[in-house]
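Data first, discussion second: the structure below is written as structure tokens.
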Amino acid sequence: MDRFLQHLLNALMLGGTYALLGIGLTMIFGIMRVVNFTHGELYTFGAYMVFFFAMTLSTNFFLALVFAMVLGVALGAAIEFVLLRPLRGASIDTTMLIMIGAWIALQNSEQLVWTGVAKSVIHPFPAEPVVLGPLSVSWIRIFVFCVAILLIVGAHLLIHRTRLGKAMRSTFQDRETAALMGVNINAIQTATFALGSGLAAAAGALLGPVFVLVPSMGDMAALKSFAIVILGGLGSFKGATLGGFMLALVEEMGAGYISSGYRDAMGFLIIIVVLIFRPTGLFARAERIG
Amino acid sequence: MLEIEGLDCRYGKVRAVRDLTLEVREGELVTLIGANGAGKTTTLKAISGILRPAAGRIAFDGEDITRASARAILAKGIAHCPEGRHVFPYMSVQENLDMGCYLRRDPGGIARDLRKVFERFPVLEERRRQMAGTLSGGEQQMLAIGRALMSRPRLMLFDEPSLGLAPNLVETTFEIIAEIRAQGVTVLMVEQNAYAALELCDRSYLLESGAVTLTGSGAELLDNPHVKEAYLGG
Amino acid sequence: MNRWATWLWLAFLFSIPVWMTNQYYLYILINAGIFIIAAMSLNLLLGYTGQLSLGHVAFFGIGAYASALVSLGFDLEITDSYTFVFAPRPVWVGLLAGILVAGFFGWLVGRISFKIRGAYFVIVTISFAEVVRLVALNWIDLTEGPMALNNIPPLTLGIPGLWELTFWRKVPNYYLVLVTCILSYVVIARLVRSRLGRAMIALRENEPLAASVGIDVTRSLVLAAVVSAAMAGAAGGLYTHTIRIIDPDVFLFIYTVTMVIMVITGGKGTLAGPIVGGLIFGILPEVLREVASPEVQWVMYGLIMIAIVFFLPDGIVPALASWWRDRFGAGGGGAESQSEPGPGPEASGTVTDTMGERA
Amino acid sequence: MTREIAAGETVLAVENLGVRFGGLVALAGISFEVRAGEVASLIGPNGAGKTTAFNAITGFLTPSEGAIRYRDSRIEGLRPNEIADLGVVRTFQKTSVFAASSVFDNLLIGLHRRGGARLWEILLALPRVRAEEARLRAEAEEILDFVGLSARAGEPGGALPYGEQRLLEVAVALAARPSLLLLDEPVSGMNPVETASFMAMLGKIRARGITILLVEHDMRMVMGVSDRVVVLNQGAIIAEGTPEEIQANPEVIRAYLGHGADRRAVGRA
Amino acid sequence: MKTLIKSTGFALAAAAALGLSGTAGASEAIKIGVTQPLTGPVAASGNYVVQGAKIAESFLNESGGILGHKVELIVEDNKSNPKEAVATAEKLIVRDKVPVLMGAWSSTYTLAVMPKLIEYGVPMVVETSSSGKITTSGNPWIFRISPTSAMEAKSFGTKVDQFGIKKADFLVVNNDWGRGAASAFSAMLKSKGISVGVVETMDAKAQDLSAQLAKIKASGGDTLFVTTGVEQITLVLKQAKEQRVTHRVITTGGSSSPDQLIAQAGAAAEGSYHLLFFAPWFPEAAPNPDVAKKFVDEWNKRGHNFAGLTEGFRGHDGIMTIAAGIEAAGKAEPDAIRQALWGVKVDGVNGDISFIKQGPAGKESGQNVPNVYIVTIKDGKVALP
């Protein structure tokens, strides 16, 4: 039982960042119809930026997190501007190929800059875990979880309460009519890609200090984001949030009670099963980006 | 107020509008009638800037808006109430109305206009928090009109406002349009329901195969047998 | 004239080992050849039916594993008291088994995934490859997992005791790959110019219209998937018996990406496209190896891919074909059938002509 | 394929066909028949449900209720290719050809049902496959000739001028050897000259013994070619009869020209 | 078809161009081919090995080269991938005509290269791979200086009593190395009457190991054997601390770098034990202190990462072994080098290197019996236990 609860707690902690990754990807797909293969690279980028500010430049850790997220947004905007904007209206296959090319180029640029040697970010939280009866969890994880939840809520509010968010949702629901309302569709797409990228960078920035940094760390993050998004239904904000927690739970339980070797297979098996039986994702009826 | 000269629009190889010329004067209610596929909707899309014309010139208040963006055209005071309502289904009624004044930055004026819309369509106020996709067809039409009004337009383009509505709602819709016009908004309306449109309007243009074949006051066209032929064949 | 060109071209290919004495280049060609077969198979799905399958390496890897396991033999403990023992079989049996098993998985994946389209289909195919990789990694009893299957025998042909040819060295392997390449080309060429292939092309171009004239959508797609998977399995079999070791890394996404790049660069939906793309991307990494550090090589790889999609979206073969047409005017024409999109009549093959297919 | 059908006998019977999308009723239980050898038209204002009816008959959507009979078979719920196999072939409202394939290949694709070569036969290039190909080519040439597109055989379908693309569409449908041909707005977007030649073509198709069901907005064309017209409005049939009857039917006039017509009529009275 | 001919012609022209550019003039230097993972998941280790090998190259050239010739390393990246490992071997042997290779880090890459050694008759010194298969599969061109997992386990077995282990659990990377170590060490432990609890695996790229650790915590063992790269060991130690896994941690495989662990895992690394094949903190404790000291000094002088020393020394030892082989053969020819390698005695950083025969008779591979060291982390410093 203790072990079960510990697994549950671990899943909860991990789920927050998974949800963050999923939301970023689902927003981009929902509004832009682009399968973003660079998502994992933004995650990696976020992590290395925290390293760069906190470790290389000795900036305050929390400030470094903020910088990393802001730069993630900027990089996302740049990718959108350079690679996607000229291809507006191209088929989903074309943009997918472009994004695969960008993914390969970005990952290896990261390798070039940071080398393959793993990097570690020292964080200011105590090493001793918080002990709750039979359970334990580290301070940094709690911090990461809280920030992730804050970002999720923030993204939710942004999408539902702000003018920009409304413009995004309207673009997603009916592009032509949104244009009739005076929405600058191009700008909205850039903003969406930047925001989605920023969330991925945030996930990387948060998890970087928990884990270690290697240039290929984004691959798993990207594949998991796909799993989460499929689970929740492409384009669904709530679906991605729930999907993030569900994937974490299934992985944790699968590794704990079935076989740790198949931990990563769980997500993909879920994708396949979900798509066979509910091709539009588990939360197809849930409210779409809005 | 609005002048169109020699407008040509194409979808790929299909020429949907051919050498179309028309004008709308301040305060008028002008209708475009004609059978399906005559090019009416295309004309409206070209005016509101979501479709690039292949040739021709569109001017509003004497200013060339042929190549202007939808955003710029809206800012100049042209609102387009599209065919089939096109409310944002997963946004609430309030949010749909918010989208109508997306470009406006005057909170006071927006609040006043919102008041007006709610006075005109009390049902929208009742359903303020409801998702627009769950409204009935008639309510959606009200919302679409309300949303267009929120931009405080000087010229409103209506595309088939009666389409798919129950007969009593069709009447109501036309009454509302007449009212809007009475309050000083110029209206250009596309309508398949020719007789109703002709009774309502000051002037009308009959479109066939993308070109204007007949023009005149509503009453003149009502009496012209060619109108019936255009719809039902000769 | 076309017929002569074809024979000349084939003679050239068959003569390469005679004058290309540097075995390293032969090795590069063998490897490129194997990936050309894989790319041709992917082209059937991606180019002709228009389904972007990003899990194609799964079929390649399944073929490789199946072929390796059949020729190495394996034991599987089913229950404590019963162990299934599979004795080693000759390599050509393994190759056949690889083709069949891969074809079977093609059928399976086709059946379940063609219900969905677009981004969903793409992600399902990626997931499928990833699951297969994880199974290969963790089913230690069968695949030895990450410890890899090694000492995989090379192909041996002939009559035991009388005359045998073992494909140890480059030259016989080159011919083996060349012949398989030609066979694959002929299979694809015949298929896409047949009634069944036209049905696949029809689905790519206009699915509702295809259905309305009586083409069974699912059946055609599944057929394409089976042929494509079986051919990828053949490539995987060749791969495993020339490289002689196989581990779960064969399923890495990057291999699928390589195949996709080959097809897109060369020109999807053209017969020559995967060959051209396969030669370029089979050779390019070796050229880059000379001039750039590894990371830079990869960065360039990614950038080249972007550049190609941007500037030659249809690929090199259609671009060359249209350049040729503009420069020298259209040849042929009339009622001559050409199942390929972009390229002009001269792109229609003559290999099949020389094979006497057309009356 | 089954027994011979005499002219005038009912071939297609739509019985109480209903289609709903979620809460929206697109077709509310309509019934009509098409008889062998005739040209029947389905007309009605925008949103009346004509294309929905087409889609239901040809298997592109499954009706919520009712039955569709073609000759002796129930066809509702069958897949489009199964329905095509029974001889019911349609064209589409928006131009729909295999744009990148040559005109000749468009025809060959259309002739899919006329071939039977199997995969292994094709891969082995058996003589019977070659014979079949030769036969299909001959048939394709014959149809191209029939619609007058022989000169265009080598050009990509998508490169043809608009009017010819619409002809090609019909040719592709004809290649599938329909006994009932459903045409969805075949002349929309055509200029009057093209429309006229298309009407002539329709006569030739009909002369081949093919029954035609037409959806069309161009009323001159409908009234000119139809034997019978069925009028739909808001998902229900409001009139049925000869072109002359339809043109005089007040219900139809109201559907097309609106409620004002009543008031107009009253006003005039 | 014409297009096919034209366009493939283009590509072949490119191939021909490549051929022309690749003709290197006959150089006087003796070339040694090195294939290592310089990119991909295990790139860090491969780069360290190459840094060590380059140091050996300088040492050799400073002392006049081999047989009067300069030594030239030709380093190729096998991209952490067996297919590329074969490509590098082909390139090095056929194109660069190297008479001997060193490589290829992971067992999988080494196994992939092995058929090529037979095909071309070129010997290879294996510096890192631990799989037993490499020396037992009957490849007479293989000479391994690194220990197999079984040798490491056996060596550790002589000291296992001092740890008083009752029940051991394993957490290993899911590859040949991790799995090989788990089976070798559990066999050794069982033979000593120690029970084995759970054997958990982790993907080489996995970062969140909480599920595995929760399971290990529940197993009730007292010692956790961890086999993986240093990055993942860092994660294991940190996350074990978070989850209050109280096991004593012993890492095997010689790839852990205690300094890096101290720097990155901090207090979580305290009290962990590490099996190493070189302990650079205590070069004086090595069997050949001069060699070890000289190497460590040069490493530091070049500004390489100190943490990389436990990997980097393998590159040095491998090249030194090859140099001794060429020296003994008297000529840089593959078969002569192969035969000479059987007789070499090299003073390596790890200790004395010489080869014993392993594998089927007539086709034996060479295997060195290296030294194994145990260090522990005490008060944030590396110490001998």
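Some observations on this one:
Chains: A, B, C, D and E, in written order; residue numbering restarts at 1 for each.
The rule is simple: contacts are C-beta pairs under 8 Å (C-beta built on N, C-alpha and C of every residue); 3 or more make two chains touch, one makes a residue touch a chain.
Fair warning: this is a prediction, and the values are worked out from it, not measured in the lab.
Annotation of subunit C and subunit D: not jointly contacted by any chain, touch as defined at the top.
Looking at the partners of subunit A and subunit D together, the chains they share are B, C. Using mean Cα coordinates as chain centres, the one most removed from subunit B is E.
More C-beta pairs in contact connect the chains of C-E than those of the other pair, out of C-E and A-E. Taking each chain's centre as the mean of its C-alpha atoms, the one that lies farthest from the centre of subunit D is E. A separation of 36 Å divides the Cα centre of subunit A from that of subunit E. Between subunit B and subunit D, the centres computed from C-alpha atoms are 33 Å apart. Computed from the mean C-alpha positions, the centre of subunit A lies at a distance of 42 Å from the centre of subunit B.
In whole angstrom, the spacing between the mean C-alpha positions of subunit B and subunit C is 55.
Within subunit A, residues 108, 111, 219, 261, 264 each touch two or more of the remaining chains. Of all residues in subunit C, those that touch two or more other chains are 137-138, 295, 298.
Contact annotation for chain pairs lists A-B, A-C, A-E, B-D, C-D, C-E, with touch applied as defined.
Interface of subunit B with subunit D (complex): residues 13-16, 35-37, 160, 162-164, 167, 170-171, 191-199, 209, 222, 227-229, 231-234.
Against subunit C, in their complex, subunit E makes its touches with residues 1-8, 10-12, 14-15, 18-19, 21-22, 38-39, 76-77, 79, 81-83, 86-87, 90-91, 94-95, 107-108, 111-112, 114-115, 119, 131, 133, 137, 174-176, 178-180, 201. Interface of subunit D with subunit B (complex): residues 45-47, 95, 161-162, 165, 185, 188-189, 191-192, 217-224, 234, 243, 246-247, 252-253, 256-261, 263-264. Across the complex, subunit A is touched by residues 38-44, 47, 174, 200-203, 205-208, 210-212, 214-215, 217-218, 230-231, 234-235, 238, 241-244, 263-264, 266-268, 305, 308 of subunit E. Contacts from subunit C toward subunit A in the complex involve residues 52, 112-113, 115-116, 118-120, 122-124, 126-128, 130-131, 134-135, 137-138, 253, 257, 260, 264, 293, 295-296, 298-299, 301-306, 309-310, 313.
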